[in-house]
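Consider the two complexes below, in which chain A is the common component and chain B and chain C are the respective partners.
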Partner chain A sequence: MRIGEVAVFSPPGNEKEIFIKSICDSIESANEKICFGRFQINEELSLHLYGISVDKDETSISWDMLSSKILGYVFIFRWKDDNSLDTIKDVLDYFAENYTAPIIVLASVDDKSDIPLPEKFYGPGGLSIDRNIRFHFCQITDPVSSKKIVVNIIDILLENMQ
Partner chain B sequence: MRGSRSGFLKTHKKVEILFHLFHGGKISSMVDALENRAVVELHKFLWEKTVEFGIKIRGKNFNRKEITRKMTPTAVYQKKHACSEHPYYCKGTHCININPKCAREKIKEHVDVMAESIWEYINSDD
Partner chain C sequence: MRTKKKILIVDEDANYISGLRKELTKAGYEVIYWSDGKKALDLSNNFRPDLIISEVDLTTNDGHAFFRDIKTHSEFKDIPFIFLSSQKRVDDRIKSMEIGVDDFIAKPFYVEEVVARIENIFSEIKQNSDARITSGKGFSGYLHEMNLVDLIQTLEVGQKSAIIKLNFNDYDARVYVRNGEIFDARFLDLPANDALARLFLWTEGSYQVEFTKEDFPRTLNQPTEKLLSEGIKRNARWDQIKKNLPPLNTIVAINKIAYEENSISNDEKQIIRLINKHAKIYDIITKSPLDDIKSLEIVDNLYRKGYLQESNKNYQAQPQNQVERIKQNLTRDHSENHNVSAIISNLLKKNSDANILEIEKRRDDRRQLVDRRRYHRRRNDIPKENKIYLDRTELLLIREKLL
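Entry: the complex of A and B
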């Protein structure tokens, strides 16, 4: 059995659970700060998603202890709430500066009509922010929309192999 | 796995640019809070996005002049600021170090023109 791991960060709230549940059907375990979901792709391959709450001025977590085998990182913030972007910014910069795995910055919208531009401008690969860093809009309650984010991580990894 | 994505404009700032842009804010208002080299990278980042959006809409017919013609011509800008430097130097990468106030003013105009162009591309997609 091969396992791929994806870390999902979001400000305090239930965005990470919603996103992971949208992909994995269920959350297998959860506490206040961390949750875990598993997506079985086939008998030999599964994806583990770890949801982690990020508080502003977070200092208690040793981010470097996170698995170095992580396939990619997803940072969720609420599109209509600039405070939620402010909350994740330090951890986002930390991973952008210290790790090369793909990063998806995900602007979470309640409804697709909240997205301010047509999909042709940002999808399916998202807007490029930097090498291996993409910006996406996503309705995290929608499994199709959420699964596209995971597919984009795989696409970036495949692009890097070519 | 150490990365190498550490420019002067931090990743979260680039996300903030997109946040600001797509919420209809003025990008020039972000310039004063940035140090000189980050200002140059903001200009570059927004230029890349403008070209990207322009190509998505215009395809092979995209011409960078449709953006630059809305900007104050270099000769006019230099005359207005009584600048005797060679016109070639009238750009952020050079002047930001010797006359940051003047360079920032020019960059502010450019980034707002670029943001306006991006919105034109978005709105012309019917």
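Entry: the complex of A and C
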């Protein structure tokens, strides 16, 4: 079995579960901090999504375990909650500094009408912050919107392969 | 005979600088070297350099102080100034750029690169001064302050004869006006009518108006009033389409993943063909065989469909508006500092008037972050290269399944 992994970080709350569930249909296992969903591509290929809660002072997770088959990282924060970006920011910076896999920073919105920037500004591939880091708005309850985030990670990988 | 440009180098390490001195002399510059930062200002008074290169870390007088001394001196304030430094910290570079040095070169450097950078600085100065030079019989300025329509209207009112020289990016153009009437317009190899139509849309760049009694043939026979009215209409339409797009010097690329050749029109194909990997929007319009407005409409359409996207190469482009400036500054922050959260925070900053408590809190956060980074750096100096475990076909399979 060939596996691609995506790590999904979010502040304490259920955003990571909602996001993963909207892609995988179900959460296969979960505890307080980590949840796991599987998106089967075919008999030999599978996409694994790990949801990880990040507390402000979190430093203990063994990130390296995830990096062997990693395709990219998704960092979710609640657009309307000023503290939620603060919560994930250190881990986000750490990953940006230490890893080269694509990172998607996802601002979770309930309604697309909340989005302050016209989509044209940040484009279908997200707002490019760096070659490997994009910023997206997303309705995590909407499978189409959530899947687009993973598609974007793959697009960055494909672009980098060209 | 061309006078030799003079370069003053201030550095305490004479051996290190000797290669650069030789190379600059070979390139035709008159070079003077001095090791004492404090005395360098006096030396500048005598030597009257055209450019100064100084080490940042001077024991007698640090490079920043020397820079300030030079810039407060009215005669030297416009002299280009380059810092040399063996410090590689991004903060140092940013600090130097912030105080206004023209370039910052990290040691060790390639002598050829330094020479090339110096030549670039001189060539930029020359270009700027060329654009500003007036013959004494005209005036000059910038098109964002006064565009071609405004210029011609001014000449029309005064019934003046002049050659209007326009420059935008690497493009030069001319418009010939006789007694307030437009006689001719030249841009690339375009017919006069097309050239004028295109030049009416230039809202960036510079102009120089040279009054002249020179005679020139008339190739534009329509009344100037009609041409101007057409120009105003085109400007309005151009501005309308432009609103939907990023600034025109934005570099765009074809989004190969979204692009579907079968679903695009022949006109769109013509535009796509002009983009070889990356191109500035304005260059695409300029090279397009179609009318400018038509071309811009097509670019807008392709952009909306997602077939065109902003290229990563934009990090070198000049910011054009506030949003773009923020984005590019943030991008620069990231590429040098990797502080993505600051980028995102700034991007999403909802209240510009942050109160003092918030500022203090952010400072504390930053301090903590710096400490934590130091820890991480000690632990692992090299960023981890994530090898992509899956191959292209597998990635495409996942992509297809997700859509």
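Criterion: the second predicted complex is superposed on the first by the 159 of 162 C-alpha atoms of A that agree within 3 Å, B and C clash if a C-alpha of one lies under 4 Å from a C-alpha of the other, contacts with A are read in each partner's own complex, and residues count from 1 in each chain.
In this text, contacts are C-beta pairs under 8 Å (C-beta built on N, C-alpha and C of every residue); 3 or more make two chains touch, one makes a residue touch a chain.
Predicted model, so just to flag it, every value in this text is computed and none were measured.
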In the superposed model on chain A, is it clash or fit for chain B and chain C? clash
Pick one for A:81: touches chain B only (first), chain C only (second), both, or neither. neither
Who does A:105 touch here: chain B (first), chain C (second), both, or neither? both
Does the superposition put A:93 against chain B (first), chain C (second), both, or neither? both
Look at A:25 in the shared chain and tell me whether it touches chain B only, chain C only, both, or neither; answer first, second, both or neither. neither
Can you tell me whether chain B or chain C touches more residues on chain A? C
When the two structures are overlaid on chain A, which partner does A:131 contact: first (chain B), second (chain C), both, or neither? both
Once the two structures are superposed, pull the chain A residues common to the chain B and chain C interfaces. 68, 82, 85, 88-90, 92-93, 96-101, 103, 105, 107, 120-121, 127-131, 133, 135
Counting only contacts in the complex, chain A reaches chain C at residues 2-4, 23, 39, 41-42, 45, 47, 59, 64, 67-71, 79, 82, 85-86, 88-90, 92-94, 96-101, 103, 105, 107, 120-121, 123-125, 127-131, 133, 135, 147, 150-151, 154-155, 157-159, 161-162
Applying the document's contact rule, which stretches of chain B touch chain A when the two form their complex? 1-7, 10-12, 14-16, 18-19, 22-23, 49, 52-53, 56, 121-122, 125
If we count contacts the way the header does, which residues on chain A are in touch with chain B in the complex? 68, 82, 85, 88-90, 92-93, 95-101, 103, 105, 107, 116-118, 120-121, 127-133, 135
Which residues, counting only chain C, touch chain A once they are in their complex? 244-246, 255-258, 303-304, 306, 309-310, 312, 314, 323, 327, 330-331, 334-335, 338-341, 343-345, 347-348, 350, 365, 368-369, 372-373, 376, 380, 383-386, 388-390, 392, 394-399, 401-403
